[in-house]
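Chain lettering (A, B, C and D) follows the sequence in which the chains are written, and residue indices restart at 1 in each chain.
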Amino acid sequence: MNGEKRILLEYADKINPEKAEDYIKVGGYKGLEKARKMKPKQIIEEVKKSKLRGRGGAGFSTGMKWSFVPEHAPVKYVVCNLDEGEPGTYKDRIICEKNAQALLEGMAICALAIGAKKGYIYCRGEYPHIVRLLNNAIESAKKAGVLEDFDIEVRMGAGAYVCGEETALIESIEGKRGEPRFKPPFPGVEGLWGVPTVVNNVETFACIPYILTHGAEWFASIGAPDYPGTKVLTLTGDINNPTYFEVPTDYLLSDVIYKLGGGIKGGRKLKAVQVGGSSGAFIPPENIHTSIDFDSMSRIGASLGSGAVFVLDETRDIVDVATRIAKFFEHESCGKCNPCREGTFRMYEMMQRINAGRGSEEDLENILVLSRVMQKASLCGLGQAAPIPIETTIKHFREDYMRKLM
Amino acid sequence: MGKSYAEIIMPYKDKKGGLIEAFHALQREFNYIPEEALKEAARIFKIPESKAYGVATFYSHFSVEKRGKYIIRMCESAPCHVAGAGEVLKALEQYLGIKVGETTPDGKFTLELCECVGQCQAIPVITINDDVVLSVSPERIPEILKKYE
Amino acid sequence: MITLTIDGKRVTVPKGTSLLDACRIAGADIPTLCHDPELSLAGSCRMCVVEVAGRRNLIASCVTPAEEGMQVETESEAVIEARRIILELLLARHKLECHVCERDGDCKLQDYCYRYGVKDSRFKGEEPHFYKEDPNPFIERDYDKCIMCTKCIRACAEITGAFAINLKNRGHNAVISTAFDLGLKDSTCVFCGQCIMVCPVGSLVSKVEKGRGRTYQTEKVRTVCTYCGTGCTLELKVLNDRVVGVNSIRDEKLSPANRGALCVKGRFGWDFIDSPERLKEPLVRKNGELMPVSWEEALDYTAKRLKEVKEKWGSDSIAVFTSARTTNEENYLLQKLARAVIGTNNIDHCARL
Amino acid sequence: MTNSIKDLEEEAEVIFLIGTNTTENHPVIGYKIRQNVLKRGAKLIVADPRRIELADLAEVYLPFKPGTDIMLINAMMHVIIKENLLDKEFIEKRTEGFEEVKEIVEKYTPELAARICGVPAEDIVKAARIYAEADKAAICYAMGVTQHSKGTDNVKAICNLAMLTGNIGKPGSGVNPLRGQNNVQGACDMGGLPDVYPGYQKVEIEENRSKFEKAWGVKLPDRKGLTLTEAINAALEGKIKALYIMGENPMLSDPDSHHVEEALDNLEFLVVQDIFLTETAAKADVVLPGVSFAEKDGTFTNTERRVQRVRKAVNPRGNAKPDWQILCEVATRLGYPMSYQSPEEIFEEIRSLTPSYAGITYKRIEETGIQWPCPDTDHPGTPILHKEKFVRGRGKFHPVEYREAAEMPDDEYPLILTTGRNLYHYHTGTMTRRVAAIDQHKPHNEVEIHPRTAQLYGIKDGDMVRLSTRRGSIKLKARITENIKEGVVFTTFHFGEAAANHLTNASALDPVAKIPEFKVAAARIEKI
């Protein structure tokens, strides 16, 4: 065995994700059944005890998030973030394609816990087939009666990475430009249409049924103690095995590359690995013997993020890759706040200059100053994270940059 | 003649915030949002035209300019980039005889760039309308596009 | 009440006070570009960021509520660096032509660059390319100077309610735009000029005022608009004994009817004052023609003729039309003149017309 | 206004707009009403033959036929009484004459009104309910209500409606006429009317007269004088021989310009004091150059009764003189020396004779104007009238009956012409036509026509048309718009070259206010 541990994907390709009956046959909707017998507070306690932390990237305690929702608000919403836009990431799509009913069950449990009657799934515009799949899955679950009076509607995005940010996502569901809101107020207090709203990632919701079914202790005992459970990873780049895996959270990054990924293509050496999508830090080979969990990644200046693992071999031009990433952020900045709108634009300009051999050392210094300010002063996570891949490549591969300077 | 703009938009009228869904519906029909359709949507959703226009121009899938029957989007995110998206793009431009952002004179194809479409298991990737084409190489382009010609 | 420490000073403010207001109460001068007390919050310019102990990031003070025990620094190294970089970023997209700019000396970008010593931008590259001529006669829009504070959009929606403008596109390509990017004439714009009122730079200026004098050169005279009965306060800008423009006054105390909001007539309709058609001499009809005469002659003649009519036909053969456009004092005098001097109650005005 | 402008933005829960195109004629008040709807969720009821901008935000829009105001309002009262939505306590404690009104409105069923007014009965019912059920409902109206041969009755009907529901004397309520000119309120307050001295003190009351006789040191006439429209008619009849006009342009502002022109031509002597050689000044024997608002000091009183300071910004142009100085000179030469040194000195005299202005001084209004009544210098002014009681004690219901407009469409003149202003121009255009930017933006008069009406006459958007009434005809451009009722056409009176008042009816005056019927004239239209 390669050390995979499949919880969310245990029945991948063995059941029809659209069919509630298939899911029920393999033990599905037991968690919801259990939750119906619990008080809302007990459900939240159980989730807290499981130590489940958000799988979207920020790693915030899910139980805590739910507990911020005011009990007595008359209307509340459960929103599922299916806008995975981090390049190299497709794990939420896989979870839907393999186990959509678990997502629905997770949302329904959340609805019970916070007292919501309506849920939305915001699916990125790139996944029209997932919208169809989910609508069928919802219909099937409704027919099976498992959701009772909880209603779920699927909304489709239209090509905006920033809508993965929870408040931009809310704006988009409201039919507006997907510009992030300032926080506070947090969505838990003032979210969709101004009412308390829980926004969680697909993977987070999909963990919930298993926590309820098997108990918080069981879940908490899997993987890293402070970030327990499993994580679905997607591998891309110069790797022999570019596919998805579900692993316990204490799995080592080096094992991801060499065991799951089957090592670097063509037997070449590793240059760097970027974890968490384009907003993630680049990790040099010397740091890869680290557990993938949130806190361990933080300790090496990286983040687990979406669980995308992008591997570059020794022949790769890291400045070119970083320039491409700078373009990504320039394209995806919503334009609301100054540091991000202008910063991503100028960052890309400077990176292009350097990549084309027209850059100077001054450009490099300017990038670092800009990077610092963007991280500290941008309005949302997009602008705060945008400079990280650039900054970390300069930090770890400065000589590659120096070679390209005028 | 197909459905009127209003007929396309009306089913979303009572969906709270359904403007984006209505835009999707218009695009399924026309591949872009015609000016009069956008005005109609603003009227039906009771929002100012300036706001509706702001929404339509925010999202990269929406266009307020006329586009071809098939929209080819080339993913150029980092994984596709290192997998050779650049060469594929060049080949696409050459084959279609247009640059990124343009539409072929016969109105068939519009070529656009896009970011990650979440199909990274076999890259580089292009999409043609809702279809995903995996593991694209310059050599495969004529064969891929044949289906749409 | 909440107590917090700002630049080493303890201040106590009511719960719900924004950190920005708390800082200002503490005497800190916080720069802002997108904040306007009358408009919804944007939190987007990030000029008002401050450093709060224990927070990883800088905090935008305009959108953050003050909290008990916060330790705030408003001019720390990180804060100053952030503000400088933001200004440099804005400068790189701002068409710098202060020497011919209407807003020179009355520009927040200029003020803050001065304050933080931002002479030039290290991020200069592609120049702004947002300018598009708008042929309307009232408002000049040069988005090559725009700093994207979006106050114009909010003022248009939240003060006037015209909703003529919004954002088009996103990211660096975002620009203030009407629907379909048409000229204001073809939009729902009502040319109230509230956008000019809130613009912190020279991106939106009055075409009517252009080239007539900069704000700092003019003397300001607070008065009341001469058009409809709303009674809007406005401020006339005066240079060399000529009215060269109109300002809004947004203080409710000084501008109780309109709080700075104006309409097209109030904001742009003042240059009749110096119309060449103004009457500048008294005229008396001689041989069927109105001829310029001295005041003495005109007044003597007027009195003589009125006396004649009164003597010949009686007081009630004379009628007086006073004016809904002149002052109370003048209306009072004219009715007094009619009643006490001519001796008739035949006085009226166009109140009903 | 019984209430303040601010009330319309921050207090009123329902605003009933009738005969006011607020966003065009009182734009800033229009903004405030709109923001109240958008931000606070206030409900709007709009009654206007033209689909004015605010109709888009209205809960109920009633495009009623011009001249049928009383029918509409009486029907609303009918509904309110029938559905018991009235404010019994208010009626009992604060009013009198309710029974008579109740009796009269009995026959004004929504169905009858629907037929006469041309709006659905259920909309009338809905409007009545919305207005009556609100805690704070304000009515705003303007010339659309008053410029009728029954304008006074229209206003009475509105007051009845407000009293019926107790919407008087509290924040966010009231009867709020929006005054069309900068100082029309002040001109009235100052006694620029044939029957009252400053502060609405009736000239025919001995006590008032002797007060002013004492103050002014002369004997004063004891009968009320002629109104403007009466004076014009009298001039035509040869009874008025001389006319002194300050800052008015009756050639354009008064109904039936031919009639006005004849009257002016018939005078022995005409003096016009103005800042431009207006159409009227051009006919004068003497023209005295006054100054604009920017060249003198003084006060204006706005529509919410707020007395505000006007300040001199520049010197008089050329040899022009401030109007108050001209008047002093004329009075002195007529043998009554006036030697005021400043407008403030005049204002001091005003407040000594005008109880509602008594507490207002230039010093007090240096920063913020004060709303009259302000009886003494410690009084803060009065943002809301009739708070505890009405001026006369109890509020009186005045039963009013619907009558047709004086001139109804017929075969020869099958359309209804209604007139007003647009956003860009002001009154007779004396000032705005000379503002380069405004005249560039809106250089021509237009007549608004409903597409179906236009079709009937083969008129297309932008066509030049001849618009005629029994008084005359003008040529102007047609603008086809669905924002006007079928069979009704609208034009403005700003443009001398296509003057609406060539067309309007001077013979139909309101019997009390003598206000002409600008809002209804039988007309016809043809393409040229």
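Here is the rule we go by: contacts are C-beta pairs under 8 Å (C-beta built on N, C-alpha and C of every residue); 3 or more make two chains touch, one makes a residue touch a chain.
Not measured: the values here are computed from a predicted model.
Chemist: Consider the two chain pairs C-D and B-C; indicate the one with the greater count of contacting C-beta pairs.
Modeler: C-D
Chemist: In whole angstrom, how far does the Cα centroid of chain B sit from the Cα centroid of chain C?
Modeler: Taking the mean C-alpha position of each chain, the two centres sit 43 Å apart.
Chemist: Using the average of all C-alpha atoms in each chain as its centre, how far is it in Å between chain C and chain D?
Modeler: 28
Chemist: Could you grab the centroid distance between chain B and chain D? Build each centroid from C-alpha atoms only and quote it in angstrom.
Modeler: It comes to 56 Å between the two C-alpha centres.
Chemist: Mind checking the centre-to-centre distance between chain A and chain C? Centres are C-alpha means, answer in whole Å.
Modeler: One centre to the other, that is 47 Å.
Chemist: Do you know which chain A residues sit against two or more other chains?
Modeler: Where chain A meets two or more other chains at a single residue, that happens at 160, 177, 331-332, 334.
Chemist: Would you give the residues of chain C that are in contact with at least 2 other chains, written as numbers and ranges?
Modeler: Residues 167, 169-170 of chain C each touch two or more of the other chains.
Chemist: How do the chains pair up in terms of touching? List each pair.
Modeler: All chain pairs meeting the touch criterion are A-B, A-C, B-C, C-D.
Chemist: Could you list, by residue number, the parts of chain C that touch chain A in their complex?
Modeler: Counting only chain C, the residues touching chain A are 41-47, 49, 56-58, 60, 63-65, 78, 81-82, 85-86, 89-90, 92-93, 122-123, 125-126, 147-148, 167, 169-174.
Chemist: For the complex, give me every residue of chain A touching chain C.
Modeler: 160, 177, 182, 184, 330-339, 341-346, 349-350, 362, 366, 369-370, 372-373, 375-379, 384
Chemist: Can you check the complex and tell me which residues of chain C touch chain B?
Modeler: Counting only chain C, the residues touching chain B are 157, 163-170, 177-181, 187-188.
Chemist: So in the complex, which bits of chain C are touching chain D?
Modeler: Residue positions touching the partner: 136-138, 158-161, 185, 190-192, 207-208, 219, 221-233, 236, 238, 241-243, 253-254, 256-258, 261-266, 268-275, 277-285, 290, 295, 298-303, 305-310, 312-313, 315-353.
Chemist: Which stretch or stretches of chain B touch chain C in the complex?
Modeler: Residues 35, 38-39, 42, 48-54, 57-58, 64.
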